[in-house]
Amino acid sequence: MQSEEPKSRTDLIRQRIYIVIYGTNTRAGKLFDIFLLIFILLSVAAVMLESVQEIDEKYHTTLLVAEWIFTSLFTIEYILRIFSTRKPWKYIFSFYGIIDLLAILPMYLSFFISGSNLLASIRALRLLRLFRVLKLANFIGEATNLKGALRASRAKITVFLFTVLIIAMVIGTLMFLIEGPEAGFTSIPRGIYWTIVTLTTVGYGDIVPLTAFGQFLSVLVMITGYGIIAVPTGIVSAEFTKQRIKQQKNQKPVKKSGIVCPLCNAEKHNKKATYCHSCGEKLIF
Amino acid sequence: MQSEEPKSRTDLIRQRIYIVIYGTNTRAGKLFDIFLLIFILLSVAAVMLESVQEIDEKYHTTLLVAEWIFTSLFTIEYILRIFSTRKPWKYIFSFYGIIDLLAILPMYLSFFISGSNLLASIRALRLLRLFRVLKLANFIGEATNLKGALRASRAKITVFLFTVLIIAMVIGTLMFLIEGPEAGFTSIPRGIYWTIVTLTTVGYGDIVPLTAFGQFLSVLVMITGYGIIAVPTGIVSAEFTKQRIKQQKNQKPVKKSGIVCPLCNAEKHNKKATYCHSCGEKLIF
Amino acid sequence: MQSEEPKSRTDLIRQRIYIVIYGTNTRAGKLFDIFLLIFILLSVAAVMLESVQEIDEKYHTTLLVAEWIFTSLFTIEYILRIFSTRKPWKYIFSFYGIIDLLAILPMYLSFFISGSNLLASIRALRLLRLFRVLKLANFIGEATNLKGALRASRAKITVFLFTVLIIAMVIGTLMFLIEGPEAGFTSIPRGIYWTIVTLTTVGYGDIVPLTAFGQFLSVLVMITGYGIIAVPTGIVSAEFTKQRIKQQKNQKPVKKSGIVCPLCNAEKHNKKATYCHSCGEKLIF
Amino acid sequence: MQSEEPKSRTDLIRQRIYIVIYGTNTRAGKLFDIFLLIFILLSVAAVMLESVQEIDEKYHTTLLVAEWIFTSLFTIEYILRIFSTRKPWKYIFSFYGIIDLLAILPMYLSFFISGSNLLASIRALRLLRLFRVLKLANFIGEATNLKGALRASRAKITVFLFTVLIIAMVIGTLMFLIEGPEAGFTSIPRGIYWTIVTLTTVGYGDIVPLTAFGQFLSVLVMITGYGIIAVPTGIVSAEFTKQRIKQQKNQKPVKKSGIVCPLCNAEKHNKKATYCHSCGEKLIF
């Protein structure tokens, strides 16, 4: 067994912070996550309310102060996250690391570009952490299933979307030539916009065919859209069905053993383990 | 065999009412249910007609009288339901108990808050009893299957909806910043409203992107919506398919034995049973 | 073997007509069917063109004459169908018999009710015969599969639609109370109309929520609609999947033996059969 | 082994060009394809920009020159394709051959018919070649699966669409008679247009029922549309599910042997093969 070199005070503090910020198994870690989620929700709400003119006029200062408080807290949290982890660069360029940065940048940018602070609503993405916090085996499992099914059907769906886009270009041009600017088809890109609006059955009604021939072509587009909406659905359904039937066959629930690493949440540690097999941190509390 | 303590007159009346109101196996019980459904339909129709201004102006008094008659009948029924059951609190806080109360409250509230009587249309929910009344093995079975499939896919769908909402927040903000109030994007919440309208392919057309970049982003949102509509469908389809294939394998129809309890409709009683194994009432008629 | 009583001249003519009109195996029968379909298409086109004001103003007489010619032909065909079949009442009250009558009635009614002749476009339903005429094993088989899958999911879908309608009533009332007539919610029935328009993701945009709370409720309705659109799709998908997997297992193509009855198209006759096992007509040609 | 007759100089040039233009295995062939795709993208972009009035006014000459350059290049390519292949007629009447011609025709037609040059955006269809160029086993395989599933469900979907169209005719007529021109139902064809817009849940809102009865009928149409959207989805889902379950059973990956024909990309050649088993070209490079 490799001997552990004595840790400096900073190292100990760093580790303690790490466990609170990144971990979800200790009480402090759980509390931290819950408060973090509440703060994110409140700050997103503040940004949204600020964008409503009537509310902004009345409570401008209050909202601004609140936003700066939240931004300061998130900035401190961001710095602590970088400081406490052993691999700061890995965190900075991870999915959550980038989101955490994007969540505080807009406020600082608002000194230079007015209005950019509203981009702070991007911090809603931080709510995705909720899945980690809940850590309900159920939800995590389902999210994994979802991801798996989507990944398996990715290639099929790419082929499908690419073909749809090419068809939309051709139909958009035809509609532009048939209908012309009176009906709102002022250019080919707008024709393509209309085609996608129709094919996906969104149907805003801002651009609408007026000639008999244009309406006839529209009907064909709609029926095509109706038919091809079946394709991605069919692909994903097939994937889920396969997964579900497979699940039913191997229904032995995976037993998870005792000790869980407070840093990286790795499970299935041997009962006598002293170090985490995944991140190498000590498992002693 | 446990000896039955002699019942008081009130107890006998209570039991008789119970059988008529809650039971569906005796002739009186069936008649009661059918009349109840007809009364619910008529009272809902009355409330709806009252909300149409032209009709209300002509027949205001007639409709008001009708509504009060129905409300009185439903109030009496509600009191009898509480009086006749052995566990009144269980009924009061059951799904149907709450609906039954909500069905009569609005009329009484209309003394204090004018217009609240229109909320009486909530009594449409009472029509859900229809499933119990029909009691066609088929329909009940299908409803159970539906519920089962939905429950099994609940976790997957929650993860999915939560992710969609977070994405809607980010896209709603972007569209608000790109398009601005001229196009109807007067605030971030309205941007989110537009995003949901577009993602779900509803597409009212009350808010519509006007700039080229906004329309480009819209197209991306629509195609995403088109793609992800496949996800809940896929989840539920997979569930139904699994269920259906399973059903096909175990196709022995469940035989239901003779005696059915007139109070709680519990089935499969032994032919010699004297008391219901589910609610404890006597099985002698 | 039962001896055949000598047929009268009328009987022979009747049988000959029957084979041409009802049968699809002889050359004459095929030609008749093809001409019938062409006439139906032309007559439907005539009715449609008549409804377009600009065309009607120019060619009113031509179209009227054409319509009367088609109606006369269809009337003669209808009388011949009744005359030639052995069971006229069965035909008259059959699905196709009723459609054939509805296809000629509107023109005669137009003497009494002006404009009713446009209802003649109902004869488009006669095109459903196409499936019989094509008689491509493929198409007939597929239509049967479609019907089978829909029948099997009927009970599930009824429960589902009924529940949706009840929910639509409650939401329609809430939206009527929240939004009021300024937004187009002039009555509860219109609220229900809006709810269905939204739930089914049609989204005309003729009635649209204007208040923040109304828009919030709309978003919930849309997401619900998005979620529950999965239900009927899931039901039908499961049915088709089951069917398809079953088909794959029993892939022995059903061999159909030689003689086909020219009257009722019944197949699988013994090679020595003299009478059709289905309609009793002679099988000698 | 059959002796090869000595090839003339022209034949050698022809073969060399063939390998570059049609083949995708040599470096020159790959480069050619990549440049071709880039040129197609640029030329499509040029056509689209020309259709936007503000851009066209500023850069008219630049765009026109660009379009003519691209058209010249594509014309040369088209001629080389015909010249270099052994079966020019097969190419000319193939799917890609027709698209290649349609991609250059509009520019030449623009001498006679002004505006027809915008049809050049049809060359977007040439981007479908991308699938061949990528030649990722994955994508090609998925495209084949997609095609297979769609082909298998073709008959079912034809029966379905035909039935939907017939129903749309009848409903369109009814709505025209109920609503009349005030609501936008100016003719039966427009009524059919509205029915398709509603059935497919597109819902533009350009034509909208105004009477209570019309709205009631609309609700029925919407719910029907909601129900029957399940049918094509169900059909395609079932097909994919069947395919997917089948795939899972035979998961031995098909091993593809060494030599690939540079002309037709046929694979699985015996290692000692001298001629392509598919197109007959020599396999020596």
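By written order: A, B, C and D. Residues from 1 in each chain.
Just so it is clear, a residue touches a chain if its C-beta (ideal position, glycine included) is under 8 Å from a C-beta of that chain, and two chains touch if they have at least 3 such contacts.
Predicted, not measured: the structure shown is a model, and the values here were computed from it.
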> Quick one: which of C-D, B-D or A-C reuses the A-D interface, over half of the residue-numbered contact pairs in common?
Replying inline: C-D
>> Shared numbers divided by all numbers used: is that above or below half for subunit B and subunit C, i.e. same or different?
In response: different
> Using mean CA coordinates as chain centres, what's the subunit A-subunit C distance in Å?
Replying inline: 47
>> Based only on mean CA positions, could you tell me how far subunit A sits from subunit B in angstrom?
In response: 33
> Mind pulling the subunit C residues that touch 2 or more other chains?
Replying inline: 189, 201-205, 229, 233, 235, 237, 239, 241, 245
>> Quick check on the complex: what are the subunit C residues that touch subunit D?
In response: 44, 47-48, 51-53, 115, 118-119, 121-122, 124-125, 127-128, 130-131, 138-139, 142-143, 145-146, 149-150, 157, 161, 164, 189-190, 192-193, 196-197, 199-206, 229, 232-233, 235-237, 239-241, 243-245, 248
>> Can you tell me which positions in subunit A touch subunit D when the two form their complex?
In response: 155-156, 158-160, 162-163, 166, 169-170, 172-173, 176-177, 186-189, 198, 201-205, 208, 212, 215-216, 218-219, 222-223, 225-227, 229-231, 233-235, 237-239, 241-242, 245
>> Could you list, by residue number, the parts of subunit D that touch subunit B in their complex?
In response: 201-205, 233, 237, 241
